[in-house]
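Alright, structures below, take your time with them.
Note that chain A is present in both complexes that follow, paired respectively with chain B and with chain C.
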Partner chain A sequence: MAVAAAAGTALGWWGVPLGVVAGAVRVSTPFLFVSLGECLTERSGRINLGLEGTLVMGAMTGYGVSYLTGSPWLGVLAAGLVGAVFGATHAAFCSLPRVNDIAIGIALMLFGIGLAFYIGKPLIEPQAAMLPSINLGWWSSVPPLRDALRVNVLFLIGVVLAPALVWGLKNTRWGLILRTAGESADAALALGYSVNLIRLGATMAGGFLAGIGGSFLSLYYPGSWNERLSSGQGITAVALVIFARWDPMLCFWASILFGGAGAFGPALQSVGVTEGYYLFNAAPYILTLLIMIITCSPRRTLTGAPAELSITRS
Partner chain B sequence: MAIAIGDKLAGRAALGDRLRQAAEGVVIPTLALIAAMILFGIFVAVSRVDPLELYAVMYRGAFGTWFSWQNTLTRAAPLILTALCTALPAQLGMVIIGGEGALVMGGLAATAAALALPGAPPLAVQLAMALAGMTAGGLWIALAGGLRHYRGVNETISSLLLVYIAIALLNHLVEGPMRDPASLNKPSTRAIGAANMIGSIPGTDIHWGLVFGIIAAVLAYFLVYRTTFGFAARIAGGNMRAAKVVGLAVGRLVLAMCFLGGAAAGLAGMIEIAAVHGRANGNLAAGLGTTGILVAFLARHNPLAVIPVAVLLGGIGASGGLIQRRLGLPDASVMVLQGIIFLMVLASDALYGRIRFFAPRGG
Partner chain C sequence: MPVAGALGIEAVAMTKRFGDFVALDDVSLKVAAGSFHALLGENGAGKSTLVKCIMGYYRPDQGAVIVGDRERSIDNPRAAHALGLGMVYQHFTLVPAMTVAENLVLARAELPAIVDWRRESEALEGFLARMPFRVPLDVKVSALSAGERQKCEILKQLYLERRLLILDEPTSVLTPPEADEMLGLLRGLSDRGEITVLMITHKFREVMAFADEVTILRRGRLAAQGKVADLTPDDMARSMIGAEELTAAPARLDRRGEARLEIRHLAALDDGGQPAVRDLSLSVHAGEIVGVAGVSGNGQRELVEVLAGQREASAGEIRIGGEAYHATRDEMRRHKFSCLPEEPLRNACVGRMSVAENLAFREFDRPPFAFGGVWLRKSRFREEAEGKIRRYRIKTRSPETPVGMLSGGNVQRTVLARELGERVEVMISANPCFGLDFSAVAQIHAEIIAARNRGAAVLLVSGDLDEILEIADRIVVMFNGRLVHETPAGRADLVEIGRHMAGH
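Up next is the complex of A and B:
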């Protein structure tokens, strides 16, 4: 927000598009990691709505570990590991008979948020070490442009991860097994694989990525830990996977789009337009809803939807 | 076994079997609650708090005195109503988790109705508030239901997105167009006026919202289990395709159930305004809708069971302040306990039909 404000003063109305683009890169990272993780989980045939809770737990853990050890990267790792534990919990409950993955996700969302607030209470005051950023705008003399081009390493990792996941799902043995579990549990069983075990792995990997997405919130942008840190980024990212048709590369572009939508309000505010600031905060959610309305259909299953996924079956 | 199936085909299971089935529905959630209390006990023991003392304090804060009972019942009132927002659509197999949004919209609409009728007799204002609140909440959830039925948009995600949109709308209105310039620290709308507030049940500090909640739950029970409409809804919930084949108007069922659920949560919002806050502000989004989801699942979406479960969860909420003051636990403890209860209740679904004692034996 501070960046966008600086952009506004120097560039006038040009600050708006610049703010949106800078914000898109900045704000999209949590969306990106959560949606890539959820994409993996859903390709194995299960949906984890608990990633909102995982995100908040990841943010708290990352911040706490960075504060205690002085190393933000240890914080990121710890956030990922806690996310994997949450994923394993989700998978363990879901492997019980007659237990619904959507409901377990809702429960884990509440539990994760509550636990993060409980443990994270003493972490609101102290200042933890932040993640570094890479300055890609060194060539420019315009300060706001330089700020806009200051990119976090996690974002770059996400940029590489998305095509890597596309490739991995398509070309590796692991990817094939994962997709088999998602398309037909019976087929996976007939091939001698344990569907529950595959989904355990996929949900843990998804939780790991979502935890890292959370650590970005607390360790880079907005870069603090408090109880209002996440406002539905996790659940928006889950919806975004449906919009992205379970394709990691489309998840990437969708995350950028959502980041830009989220940055619209602050960017407008930076040039003095405060009218409707709170309404612009709703932009990512309204955008998600509109996109789901446009892309879903009551008559056919969505192209690209894993056949085992409960959420797309009618 | 064969006799039991024969009886069910004849439309009435033997009395012993029905009792056993009812007992199963009480015993298994109770076991889940006990398991959750043990887990949470271990959890607080790690924070060096004696679990037994914790539960003693919680009991005192929730049900120990007349004062705490009043607090508990006051908190239960909106929970009954927001739980119906999840429980009614659940009859159709839909998972709606947007009660918080319907509550916020209901509270906003009720406030707007009251502010639009200055000088009208209080009863007329209150009726208009209730009507506006229920309509706004109902339409909000019916939107999620309609999107599900006519566009195939997942109702769980859309109803949650609608929560965030409703909260943004609330913030926009109380910070901007509806803001009372005199509210400096906490941006709010103008007050609806003391005369328009709904008071307490005589002899208590419990507001009338509790009575509204209980009436709504009883009506919902009759609707679901004693009317053709409810029967049709449960058929569709059991098998959507079969319901369409036999010609049930599934779309209308979905819209109506979602509207009624949302109307209940909207009424909760109206009550929060007219009995507690007196004006709309950020306090409206205090998580009552979220706790309502848990109430509905714990009650297995049975509208009558929602009442005692809401009292129980209201009690846990009421004891939150006391465990914070006496034992120094963070206020999020209640959320953690709720989360653990939720997980255990869902896991206990695996037990149904597994305990031989409850199996039907035709007697």
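Up next is the complex of A and C:
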């Protein structure tokens, strides 16, 4: 907050939009990764609510590995792998008969959070190597602007990943097969594909991305490991997928919007507006509600929802 | 890729059990290369199960499949595809949310890692140019009518260069001219020795006109087999149902009363928000069956959904017995309103709930099934269900079997049993005989006429003109969301009706 406060003094009200933009980039990154991962999983016809647990596990693992090896990137990779293992566990349970994916997801969420706190106890004190950022504001002499344009590398990867996923779902063999499993298990079976195997792959990929999203929390912003690290970003990101109509590009914009709305309160506070502070912190949720109400219509069915999801399947 | 040319197939002593229920009992079937073979049988006889075993969709408990002249083990549909076998399933297997082009390309055995859509589209256009019918490539399958979807399924198989094609009731969603066009095409291909066809159907007319040989199943066993030329439809019917009696339709009583169901200037939108029903007015009198004819996709589905309360009307009103009607559960009960929608498994059942529960949907929260509006009496459900299962001859292992596991025709009977179970005064029925065998059709027609004779107002929406001509008192034709023609059934002129159905 110290930086933002400086912005307030140097730039006056301009600090608010700047703060919102910088916040949007920073805060949106975990949303972006988790929602892209969940988007993949849900497009294959399964919901993994366990991503909150995966996120926290990823944060803990990333931090631990970065601390032990000195390389934050190894930490990111390890976080992704742990996420994939969680995804595989979810898929394995779900492929048993009469098992509900939502229930398994909740169980894995609680398990992931508990396990991360348990293993991560010794990691609260030490300082691990952090992820680097790229300075896109080198041309400016205004410190708050430079600060706002300091962009983390994971965000940039996410920026590329979202359109890449859109393209891949449409133009690659894997994309087509994954969508088939999500839209009609019968069709996938008739084509001779194993629906469970496809969903295993999609849930592991989803877990991998969510794990990376978690490593961002501990290795960049806020950049430490403790038990209050995640404030439900995992769950929120799952909701973002519905909001984004299962479209990776819309997931990207939704994450930005959510991140920006989340940064609105702090940015206002930094220029000295303290009244109604809590109200502004609720901005993301109010925004979501508003958009949901505006875009939903009882006359139309929820467009874009994969037909095999347990919430839409009839 | 297998070499071109029709492929012969033989299934030897197939047995398939689901739990302790024997769906298929020691059935053998031989289909000669280049022939057109029909597979007949009642609902639940095991026809779909047999062909699914051949395709590797189910694993038979006993039996072997000989393809060409070698025994092959077919563990999954991909193995069958690799041998040149293809199947069009009873329930559509196109992916509704994808375009036609995506569906066709997706089905290819060697799908490239990266799909070059420009090249694929060109190849598909080239292929379609050689075909006798076309479908639009860039449209989502969900936007196609049932007939177009079925064409698409068959085009897909031809595109994949199958040498033996299995079709599970391919014509039940088509109008008779559409069916003839499609079967004629397949017949031509088999005459030229390009493919072998094995077709499941309930329509004797199609068997007589297109098939060389026929196999008939009854209750999972082989009942008869032979050349079509040596058999009459009566012979086949007898083999199918054995000693069972057909339900005879009751004589029509003239009980036409006051206008019971009145639809005034009704309009409704489809899923995409486009107008589907336009300014439609119609009244149905007590003791009258009004048949709505028309090619599917002209707004019939939306009309039925509005009447069933599954879709909001965008304009107009519906009145029953003079009162405004909004399709609430309470009004349905008060007006004794019942509805048999299309695709009952999707629109009128919960597949994973039991037959008994599905049968009780209309009444489960009232006495005698419930007391105090809260507690449900499961034993009453069961008794009631057993009665209906017997009366409507639903083939299910027990009242507790999930509805989704019944054969297509028996799902239909379950819904019918529920909807006709109580006294009805207004009945909406959409393609009630879709996929039913002839004994079930006779039974359902008899029940509908009986309901009419008791004074019910019946609105029958059907893509099958023969059905409408058979049981309706008055016929209207629906085209592009509007009613464009009306005639009493007694004086119906087929040419005139056909012209209006085509929109001229």
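We take it that the second predicted complex is superposed on the first by the 285 of 314 C-alpha atoms of A that agree within 3 Å, B and C clash if a C-alpha of one lies under 4 Å from a C-alpha of the other, contacts with A are read in each partner's own complex, and residues count from 1 in each chain.
To be clear about the criterion, a contact is a pair of C-beta atoms (placed from the backbone, for glycine too) under 8 Å apart; a residue touches a chain by one contact, two chains touch by 3 or more.
Here the structure is a predicted model, which is why all the values come from computation and not from measurement.
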Considering only the touch criterion stated at the top, classify A:L189 as touching first (chain B), second (chain C), both, or neither.
-> second
Tell me which partner A:A307 touches in the superposition: chain B (first), chain C (second), both or neither.
-> second
Touching partner for A:L136 - first (chain B), second (chain C), both, neither | neither
Decide which partner touches more residues of chain A, taking chain B and chain C as the two options.
-> B
Using the superposition on chain A described above, determine whether A:T172 touches chain B (first), chain C (second), both, or neither.
-> second
Which of chain B and chain C A:P97 touches, first, second, both or neither = first
Where does A:I106 make contact in the superposed view: on chain B (first), on chain C (second), on both, or on neither?
-> first
On chain A, positions contacted by chain B and by chain C | 298-299, 314
Residues of chain A touching chain C in the complex | 171-174, 176-177, 179-180, 183-184, 186-187, 189-193, 298-301, 306-307, 314
Chain B touches which residues of chain A in the complex?
-> 49, 93, 96-100, 102-104, 106-108, 110-115, 117-118, 121, 231-232, 235-236, 238-239, 242, 275-279, 281-282, 285-286, 288-289, 292-293, 296-299, 311-312, 314
Of all residues in chain B, those that touch chain A in their complex = 95, 97, 147, 149-154, 156-158, 160-165, 168-169, 171-172, 175-176, 240, 290, 293-294, 297, 330-340, 342-343, 346-347, 349-350, 352
Residue set of chain C touching chain A in the complex reads 57, 76-81, 87, 89, 91, 93-98, 102, 105-107, 111-115, 117, 269, 271-273, 312, 346
